[in-house]
Amino acid sequence: MFFASDNTAPCPPEVLAALAAANDGYARGYGADPLTARATEMLREVLNAPQAVVHLVATGTAANALSLASFCPPWGAVFCHTHAHIAEDECGAPEFFTHGAKLVHVGGAHGRMAPAALAHALANTGESGVHGVQRGMVSLTNVTEAGTVYSAAETTALATLAKAKGLPVHLDGARFANAVVATGATPAALTAQAGVDVLSFGGTKNGLMGVEAVVIFAPDKGWEFELRRKRAGHLVSKSRYLAAQMVAMLEQGRWLAWAAQANAMAALLAEGLAARGISLGHPVDANILFPHWEPGTSARLRAAGAQFYDAPAPEGREGARLVTSWATTEADVAGFLAAL
Amino acid sequence: MFFASDNTAPCPPEVLAALAAANDGYARGYGADPLTARATEMLREVLNAPQAVVHLVATGTAANALSLASFCPPWGAVFCHTHAHIAEDECGAPEFFTHGAKLVHVGGAHGRMAPAALAHALANTGESGVHGVQRGMVSLTNVTEAGTVYSAAETTALATLAKAKGLPVHLDGARFANAVVATGATPAALTAQAGVDVLSFGGTKNGLMGVEAVVIFAPDKGWEFELRRKRAGHLVSKSRYLAAQMVAMLEQGRWLAWAAQANAMAALLAEGLAARGISLGHPVDANILFPHWEPGTSARLRAAGAQFYDAPAPEGREGARLVTSWATTEADVAGFLAAL
Amino acid sequence: MFFASDNTAPCPPEVLAALAAANDGYARGYGADPLTARATEMLREVLNAPQAVVHLVATGTAANALSLASFCPPWGAVFCHTHAHIAEDECGAPEFFTHGAKLVHVGGAHGRMAPAALAHALANTGESGVHGVQRGMVSLTNVTEAGTVYSAAETTALATLAKAKGLPVHLDGARFANAVVATGATPAALTAQAGVDVLSFGGTKNGLMGVEAVVIFAPDKGWEFELRRKRAGHLVSKSRYLAAQMVAMLEQGRWLAWAAQANAMAALLAEGLAARGISLGHPVDANILFPHWEPGTSARLRAAGAQFYDAPAPEGREGARLVTSWATTEADVAGFLAAL
Amino acid sequence: MFFASDNTAPCPPEVLAALAAANDGYARGYGADPLTARATEMLREVLNAPQAVVHLVATGTAANALSLASFCPPWGAVFCHTHAHIAEDECGAPEFFTHGAKLVHVGGAHGRMAPAALAHALANTGESGVHGVQRGMVSLTNVTEAGTVYSAAETTALATLAKAKGLPVHLDGARFANAVVATGATPAALTAQAGVDVLSFGGTKNGLMGVEAVVIFAPDKGWEFELRRKRAGHLVSKSRYLAAQMVAMLEQGRWLAWAAQANAMAALLAEGLAARGISLGHPVDANILFPHWEPGTSARLRAAGAQFYDAPAPEGREGARLVTSWATTEADVAGFLAAL
């Protein structure tokens, strides 16, 4: 009954097997090994982006912050949702890596930027000449921090607003696999075809030990990205061990299978909560749930062995955040609902 | 015959076994797991520093740059050897993390700072009031980039010069295990007892997939370090997988055994080179050799399957850099010497 | 009829006279001259802060950004009003000088932070451990960008909220003289006695060519400030020419006389507008007015020679911003009202 | 007998007169006034660069650091003389403004980069791929810190080495007028025609209160420069007062007349020193002298009222640095020599 985060679960056995297989003999360092090349090739195929530049890093914060820094100048504004991971959960990494860009918060229900709010923010930034920060880029998140998703059309609509101002678009896809499963869209339809210029493609929350890929659809930014990555201490010498995990996840469509399991378990949990009359703070599109239950419930569940985080709730209710993963089983869900 | 770098070798089987063992069930993220606590405890024991703050990161560049940033202000000078890793091989990571501190290069034969040169640099920096950068900190490297070591007394002598100016001391110990083996000194004698305030304790070059520890002997810097680490994208969520490797390396003295094998193979190689009348650019204290041989030799060796990097050499000679690792065998050495 | 800004007016003749007087013979550079010492002494007297550190700079943006950087770490949050100058009119200077601190916008009517809003922001920042930015400092503005003022009691109330969280307080006093005149409070009551730790004391908008003073009530920050100022290119070599202006402004209470004239002319203008039934967006506490008049009025006034900026207005009205200065005369006001 | 620095002298009366004349009525802020336009136009004429972008700032450090930041990325190396002002006298401003670029010191006698040393540094930087900093730009100084000058041909030779590596060239011209007088070259021949891309055109050391111009010969960098200047707090609101000084200096060739007086007085002083058998550390090309005299001489001269700084000297001698300015008279020189 571990619903604290998708990063508390163990890794699928295929990941361990891949590491063991990769640990055979000598390999060139810093990404010049065959496994890194293979991971690059597979990501290009998955995203239908044969020209894309692909680089591996160990954390999602690094993937996001390096992506932003490569596309947004220090005097630029990054438009993101008020509760985006880059806004709330990275201790200012975007500001550090960009040398001081300003995050402009855009509202919208359920973790999704409202197009009108983005349009308003875009219209009202950079209008005072040299005195204010300039429009820099737009950063979306899919799956959002509220556990909801953007469809391909919704992504395109937001990206189109960005493009109308000449801005590049970043997508924080720490849970991108879950978004692909949830929307049924192709990976390409949610990214390059929608107008995304740079993608943080998550592996860690989907089952890897700590591997994310940055996919840059504008290849001319590749070398700058490499320099920024090295300079930030995010170029690993033994790249094969990151790449092996990424390859294992992409092979045989495992990345979608793992995400599908997480999403399915969340849906099952949502169903059980609904059956018990428990309302949710946000729609359950993917693998995160925000139940609002009777005060005291959280303590009771924890006493029964459940693990999860508190979350805000309306007056008179108690809020929690539940996250499922590839490792969540029907038994876990059943046990949790029983304890409830 | 792989002598290109100690980061091209595979990992010892114990590392893989430790990862597999760690992959059992759920664990709290961001370092709040038992394995991370165990790694911390073991490092404190190894270094005889029960109060030390310990944090894991994935790369040596991150370990170094975060260490410098936590102790040196943006207007400070970092005194380091001209050929230190932080000066030549990190693409300006120290400048990035410190927000623009200045590296002051200190000379000295065989990769070792000459005490007189350090004293001179310390005396001539920060003497023009507000107009020049201020003295910030001293950064040593042991094993040096030239493959030589500092004894405990030599470390103490340099650190004493720093302390006389009120400066903290950093030790880049990417190959610290090799230095401990080579000097026969205790880990404590080479660090806190010598005056080192913060240590980059290497794991990657000694056999791990990508794990370094930063050991801060001045515990009041701990929280600032944590914020800087998070902000730099170097706080990993699934810390157990870093910690498991570190624990495996420290258990049963493996870290010293692995380094001892690397050092022994380097000594064997040095002996063979000497027997063939091949001179070396630097003394072989640890696991790196810089032979100067007849022009054409490198091509011949590579044709025979040897891997290594070129290095500078005197007029009329050809230079190479050979690095041994835990994985180097006597057969590797014999094969290389035979090809020679 | 020049109401565009208090920085478009000429300087009072005393300023020119002071420069001419200062231009006599040789003087030591970088602030080691007698006039700079005199300016420091006078500011300490004016602010009743005999221990304060005082430094001159040429622009308000420099004064603000250097003040913030000296008190707030890169991972800190600066709490300021949504429409503060540091938030909207400095092109990210605070982020540049602090190396990426985050401005947290606090709402409140008429340009004034609402205490409840500040309390809420303080309570909701820095509560997620290492994952989010930490509470850094509070920055107030008096006179606010809306032309309103904080009384000594209001300043104290906000500073008290900051102090309760252990935070230092900055006051952007680009129009501090106008605030002193408007509130009738002593300079000390609006600053150190209220809990302000560092003050940007404005000279430029009050009639100088380009001189601001940073007054640091916590003397131990003085040296760091000096290093930051030099490093930012804001240590001027011929400091006597800045100091001479500051001294001329402070002598004989001219700084308050000039501000009083500006405030009085604004009051006169406000009276005239009220008499004509024109409403104002904000109370006219000092020297800035935000009239909302009939559409078309602005064009008509400009055709008559008036200069001013547009400003937002409610549906069906037209907004303008009028700023008076030491140089505004009753004739200017009368002329403007006549054109109206 | 004030030879401490050219920034301790008063300003020529024309500067005061120009300020008084500029102080007439209202003027638009932030450089949108006619005087700023006039200064721009005059600098373009002087430099024979009709397309150049011109911006005024208050200090030489700001001019230099903003110039570097606009042309060199954070991971770039700035090649400059070991004793350049940017290397020794700006407390790391270049590193601050560039977000951490690395200054690579290039040697050469008498403050002048030796072409061979620059070629060597250029050849040995940026050759290790992503691991080391990249070649960024070259920064020359004319008049150098040693008081020597580069001829147009020497400037061209160094700039040609930079261009061969695709690098932009900065010229720190804090004493550019003195260099023009000393070389007899046209301003254009020492800058754009020689390959200089951005020039810090000094006014302060030549007699202004605190005004420098940045002249960017590559106009596409203009907007970025403006954003960086604003963000650094170096956009002054009352630009007319900077511009008035610059115009006064450029009108009627005064800038060269003032510099010619300074140079002539230095030559006279050099002659007098030579007649007394006092050797000099560097050739006296412009307005700075480095005499090496008998120990005890400095104290004696100071007792007689002379002001100057100490400087290094060979064993057994005592060193001093003497700087002349527009205000130095023949009587000053005669008095100094008499005291000697």
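Labels for the chains are A, B, C and D, by order of writing; each one numbers its residues from 1.
Just so we're on the same page, a contact is a pair of C-beta atoms (placed from the backbone, for glycine too) under 8 Å apart; a residue touches a chain by one contact, two chains touch by 3 or more.
No experiment lies behind these values; they were computed from the predicted model shown.
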item	value
Same or different contact residues where chain D meets its copy chain C, judged by the half mark	same
Maximum centroid distance from chain C, chain identifier (CA atoms)	B
Chain centre separation (chain A, chain C; CA means) in Å	42
Between chain C and chain D, centroid-to-centroid distance (C-alpha), Å	34
Centroid spacing, where centroids are CA-atom means, of chain B and chain C in whole angstrom	51
Where chain D touches two or more other chains, by residue	74-75, 90-92, 96, 99, 130-131, 227, 230-231, 235
Touch-based graph of the chains, sorted into line, ring, star, complete or other	complete
Chain A-touching residues of chain D, taken from the complex the two chains share	30, 73-75, 99, 130-131, 134, 224, 226-228, 230-231, 235
Chain B-facing residues of chain D, complex	74-75, 88-92, 95-96, 98-103, 128, 130-133
Residues on chain C engaged by chain D in the complex (per definition of touch)	2, 4-5, 7-11, 16, 19-20, 23-29, 57-59, 61-66, 90-93, 96-97, 204, 209-210, 227, 230-238, 241-242, 307, 327
